[in-house]
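Naming follows writing order (A, B, C and D), and every chain is counted from residue 1.
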Amino acid sequence: MTRLRIGIIGASGYSGIELTRILAQHPHVELALLTSDRWQGLTAAAKLGLSGPAASLEYQSPPTPALLTRADGSNRHWSTCDVIFLATSVEVSLALIPSLVEEIATVIDLSGAFRFPTAELFARAYGQPHSAPALLPTAVYGLPELDRKGLRGARLVANPGCYATAGALALAPLVSDDLCLPDSLVIDAASGVTGAGRKGTEELSFAEVDGDFRAYRVLRHQHTPEIAQTLSRLSPAVRSSGQSLRPSFTAHLLPLRRGILATAHARLRPSIGEEAVRAAFVHNYADEPFVRLLPTPDDVGLKQVLGSNRCHLSFAVDHDEAIVVASLDNLVKGAAGQAVQNLNAVMGWPETTGLDELRGFYP
Amino acid sequence: MTRLRIGIIGASGYSGIELTRILAQHPHVELALLTSDRWQGLTAAAKLGLSGPAASLEYQSPPTPALLTRADGSNRHWSTCDVIFLATSVEVSLALIPSLVEEIATVIDLSGAFRFPTAELFARAYGQPHSAPALLPTAVYGLPELDRKGLRGARLVANPGCYATAGALALAPLVSDDLCLPDSLVIDAASGVTGAGRKGTEELSFAEVDGDFRAYRVLRHQHTPEIAQTLSRLSPAVRSSGQSLRPSFTAHLLPLRRGILATAHARLRPSIGEEAVRAAFVHNYADEPFVRLLPTPDDVGLKQVLGSNRCHLSFAVDHDEAIVVASLDNLVKGAAGQAVQNLNAVMGWPETTGLDELRGFYP
Amino acid sequence: MTRLRIGIIGASGYSGIELTRILAQHPHVELALLTSDRWQGLTAAAKLGLSGPAASLEYQSPPTPALLTRADGSNRHWSTCDVIFLATSVEVSLALIPSLVEEIATVIDLSGAFRFPTAELFARAYGQPHSAPALLPTAVYGLPELDRKGLRGARLVANPGCYATAGALALAPLVSDDLCLPDSLVIDAASGVTGAGRKGTEELSFAEVDGDFRAYRVLRHQHTPEIAQTLSRLSPAVRSSGQSLRPSFTAHLLPLRRGILATAHARLRPSIGEEAVRAAFVHNYADEPFVRLLPTPDDVGLKQVLGSNRCHLSFAVDHDEAIVVASLDNLVKGAAGQAVQNLNAVMGWPETTGLDELRGFYP
Amino acid sequence: MTRLRIGIIGASGYSGIELTRILAQHPHVELALLTSDRWQGLTAAAKLGLSGPAASLEYQSPPTPALLTRADGSNRHWSTCDVIFLATSVEVSLALIPSLVEEIATVIDLSGAFRFPTAELFARAYGQPHSAPALLPTAVYGLPELDRKGLRGARLVANPGCYATAGALALAPLVSDDLCLPDSLVIDAASGVTGAGRKGTEELSFAEVDGDFRAYRVLRHQHTPEIAQTLSRLSPAVRSSGQSLRPSFTAHLLPLRRGILATAHARLRPSIGEEAVRAAFVHNYADEPFVRLLPTPDDVGLKQVLGSNRCHLSFAVDHDEAIVVASLDNLVKGAAGQAVQNLNAVMGWPETTGLDELRGFYP
């Protein structure tokens, strides 16, 4: 089989690095392009210690919108790629994707630029207008465990947010099986700092973050409407009532490099007990290779998922009170790993291709 | 003024150390007795670097129940103390306090042994019978900001749990002003490891805790009924209905030595808006020297309260959704500092005596 | 090619876990036996998230000396293994290896039990007598970059200590090329806590280790004579004079899970300058796949080697003063990875087999 | 006694914050001026939680060189101060101090601007010319334990560097008692990140520093000549030979907020043994309130000195090899605390004034 030629734009950010490492060992692809605003001319071997064919690949300067719109034909390094991943900010993704989708068979965007179906919803979540609203209906939201049917052959995939993946996976069984009161959903989640990307600000300096723990963007986090949308799509109650779900979501910053833990709360409908909840988790996730249901919520931690594409979860029930705890690595299942899982789904390969071998990192 | 003679039982645990450091500089007291199961014969100068009169105090072996009941009169070192603090486990407090209260003017217990008014409530929370039920009605629960009236002259003070202090301070204004739906309360809180005491278990080893974050004792944490009881006492809705509050509380272990952050959620009653919430926080806490209301929940962190007896808090409101974030140092406002604040209240001294000078530790 | 059948004794310790993960993906071997004192009956999938053939392997109880000496034939689970790794303490390795070497083709011991050629040297380093002195001359010390000639076909391999690997790799070029004064060697090295193994002691509890940094076993660390022996074997000055080297080595405990950094100091012989030093590093390590020489000592850190089998190093020279900094992952190049590298050398496979694919873990 | 009026320039940096907290409780001073480039108009109560008279003090904008040279008389807020501390960069200190010393009775500079007696030595250490060379001979280097005689009444005090304090205190007894070979001194020291000041760079971001440990500025750290100078002044061998000492010093960055540990190595002169070394430490430090000699180097850690002005140290000797380990809090004994100790020495107050009450922060 000819290997698919892959480009990564934003390859020196933390998600871009993880993506590079995973794809460098993926059996069906070949890394053809890495762009970076800081490592131009250096090799993947030098910066990441890669061996094998990707080792000698040199980082290129990132494509500019002018380059992409052919105003300048001098360095169209991306044009031979079959698939391009963007591990970039919303702003960069918005600037590049309209041109890229015209030339490249599949574009997988890790930013939040194409996660909502309308420009209005995007604007409400991100506080800025959307510059390519026509593309929005063409994008497929890629959280395979909850809906993989549109992914096969997709041209533009919106990779979910890290919190949105954890929060939605935690509550999806209760919501899709209609076991809980729609207005009772509360999610408190905490993430390591790499969720904020790679940057040098005093706020994210070691001296400030170490020893601290705090909530941020309280009641105005952009992942709140993303979780609401994902869960609403699954909810029979929403389908019958036309209302949407409004989970209360709060993000917290952990003094850690990696990992997300989400603690989700719901009030169960009358007479729904632990067995119904267990049945919902089992039938929703039994065949999912990356979701693992653990015996109790106390068993769910970050260390066992770090460096893997897994999501660990478990639940507890007391009367009408249900608590679900879910964990994942924000750079893998919350970003790069899920993006590769989406590539696999687009191509019709087993979703675990190139991901099952991730060995984790413990302790 | 003659200085009050103070004894600390359990002086080498983390709360006991903090208590020793605070009381060593309290202007109205004199440290007369420190007991420890590991530092016997060593001085407070050697172990804690104390200077001043407490420096030469030597740690004694802990009193045993036999000693206390006068079966053995050989080493009644505690008997000249005016006040004894117990920074001990529930089991040790239960074994010692019945004898101590007969001889010592005031006993301040940092364990959970005397926080409930009945043996039945204790047994439900701690999963063990209470061996001194007759004393339970005599104990005063010492969370001064919420109820200080029974503290003056109290003989036995039950110092609150660290999570219970954070959770109750966060929600008390909403509950006591009857602004929220009684069955909507959810609290997710996270604590540094010193909340678990001083011990060498693999579970609390550095290799396991570092890099991890997890919920624990989900739906069976002993601080849940303590928070429920404290908030229920404040609630007009509970008083009129006879029902009690059942807040959903989940504890999480942070990869940190110290600090608790509680994120509390409530649904507001119809037509209650941000202004009513603000008014509730202001009038409940305006005169409280240790509670500081910050502009937004994003401002509330651990670093600004570490080493101080303060509780920082703030709230945000969106429609009927209210989120309150509160932080404190689990060893100070969550344990030793609050115990000294309670001593001050018992003696009728300003509550800030010996506590205002705590300089904090930042960064 | 038939896969080699591998057993790991001590598979639930931190080195044992790393060994399991690496060997589970090694192309020429098959995991046949994992023993553990705590995970008996559980699977490698459940504990480590392994997929593939090793996933369903169940941890067995560790072999006892009685079992090994055939006093009891009931559970000779190890006897079908071609190679056995011991990720155990010195005591356990001493108890098991004399029997194991009679039945098993190759035994690779990660403990310090067989790193010295004589019982006297062992006793001096470990403060205990050696119970199998006759085996000592048969053991091959496995630090391939410095001496790989005895490894091919070896029956008993002594895997080096983590500090000893870092310290010896740092100074070997200067010593073997005779560039420095033999009595001028000083090494300060610092390791994450997993170097101390998996245990629950108050000393290694999170509350004690976090925020701290300290030297330990100063002037009595067991890796000091191991480094001295390794460097002495390389030294022309030692060969000509008959004296041995006495590097001063000090170990420090980092508040980290993994990683070792060694800072080594030497006084250069007269007229030896930076170019001679560079030449020594280049010709000693140019063909070593796991050693990477970086431009300056400031470039050498832990993060770029974590999760890989690499050793990063660099040096600086000022007049007669040379400083070499080396880093490695104590669980990989300092333990499990080097053990697999030794297996490869024993079998005559490329030393990078199964190790090159280790993707690292950054950030 | 009238309280001395104190100004702090650079009061929002980490050393400036520590200085503010210490001086706010110093019995003989009154905080009169705090300047900050980021907190202008905010109060010390709001930013640091201070209570007491300093609580309502508002941060002012920093003085500019123009202001200081009276080109602009509009805001000469510093002019009523008796003492000014500069917790600023070398550049800012050089710009301000020439004017300040003309108006202010005592200036205490925490930067490296005035630690060398000549412009040439400064230029060699800092790689830039000195703009006020005439002032250099007037500055008194303030490391009281090693030389306090010039401090009484000093007009300009150069507060030592944090590493220089730790390194010099570790080796001073061996050097001043002439027990070791002058060319054998090696110091490896490691510091928490606050030693680098308060800044937002990617290099000091949490994601980069956490999990890492590395040497930096190897063989070109500016504290190396400072240590050399301090030790050379104490050395009889230097006095008799005219040569100076050239200790080899290497700095390392710890993944910690605070604390420095220095491990120092020396070869003892023939026939010098452990007793002579012990005697040297005892007679040099027996009367020093802030230096504590511990039983073994393994006892010296960061946690017991954090938040205090103490330096802990201990040594071990094996034949002619001596190792000394010293620890201190880089923001206290390594910066702000030592600056206050120097103020006390300038004024003739007991050096412990306002410092003895620092309670430390453990765990």
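Methods note: contacts are C-beta pairs under 8 Å (C-beta built on N, C-alpha and C of every residue); 3 or more make two chains touch, one makes a residue touch a chain.
The structure presented is a predicted model; accordingly, all values stated were derived computationally and were not measured.
A.B. asks: Which chains sit in contact with both members of the pair chain A and chain D?
C.D. replies: Expected: B, C.
A.B. asks: Pick same or different for copies chain C and chain D, depending on whether their interface residues overlap by over half.
C.D. replies: Counting shared over all numbers used gives more than one half: same.
A.B. asks: Centre to centre, by mean C-alpha position, how many angstrom separate chain A and chain C?
C.D. replies: Centre separation, chain A to chain C: 38 Å.
A.B. asks: Go ahead and note the Å separation of the Cα centroids belonging to chain C and chain D.
C.D. replies: Each chain reduced to its C-alpha mean, chain C and chain D end up 40 Å apart.
A.B. asks: How many angstrom lie between the CA centroids of chain B and chain C, rounded to a whole number?
C.D. replies: A distance of 47 Å separates the two centres.
A.B. asks: Give the residues of chain B touching no fewer than two other chains, as numbers and ranges.
C.D. replies: In chain B, the residues touching two or more other chains are 14, 194, 207-208, 210-211, 255-258, 306, 363.
A.B. asks: In the complex formed with chain A, which residues of chain C make contact?
C.D. replies: By the definition above, chain C touches chain A via 14, 17, 21-22, 24-25, 48-49, 51-52, 194, 257-258, 292, 304-308, 310, 352, 356-363.
A.B. asks: Please output the residues of chain B touching chain C within their complex, sorted ascending.
C.D. replies: 14, 193-194, 198-211, 255-257
A.B. asks: Note which residues of chain C are touching chain D in the complex, please.
C.D. replies: My answer: residues 186, 188, 190, 207-208, 210-219, 246, 248, 250, 252, 254-259, 261, 263, 265, 296-298, 300-303, 306, 316-318, 321, 323, 325, 327, 363.
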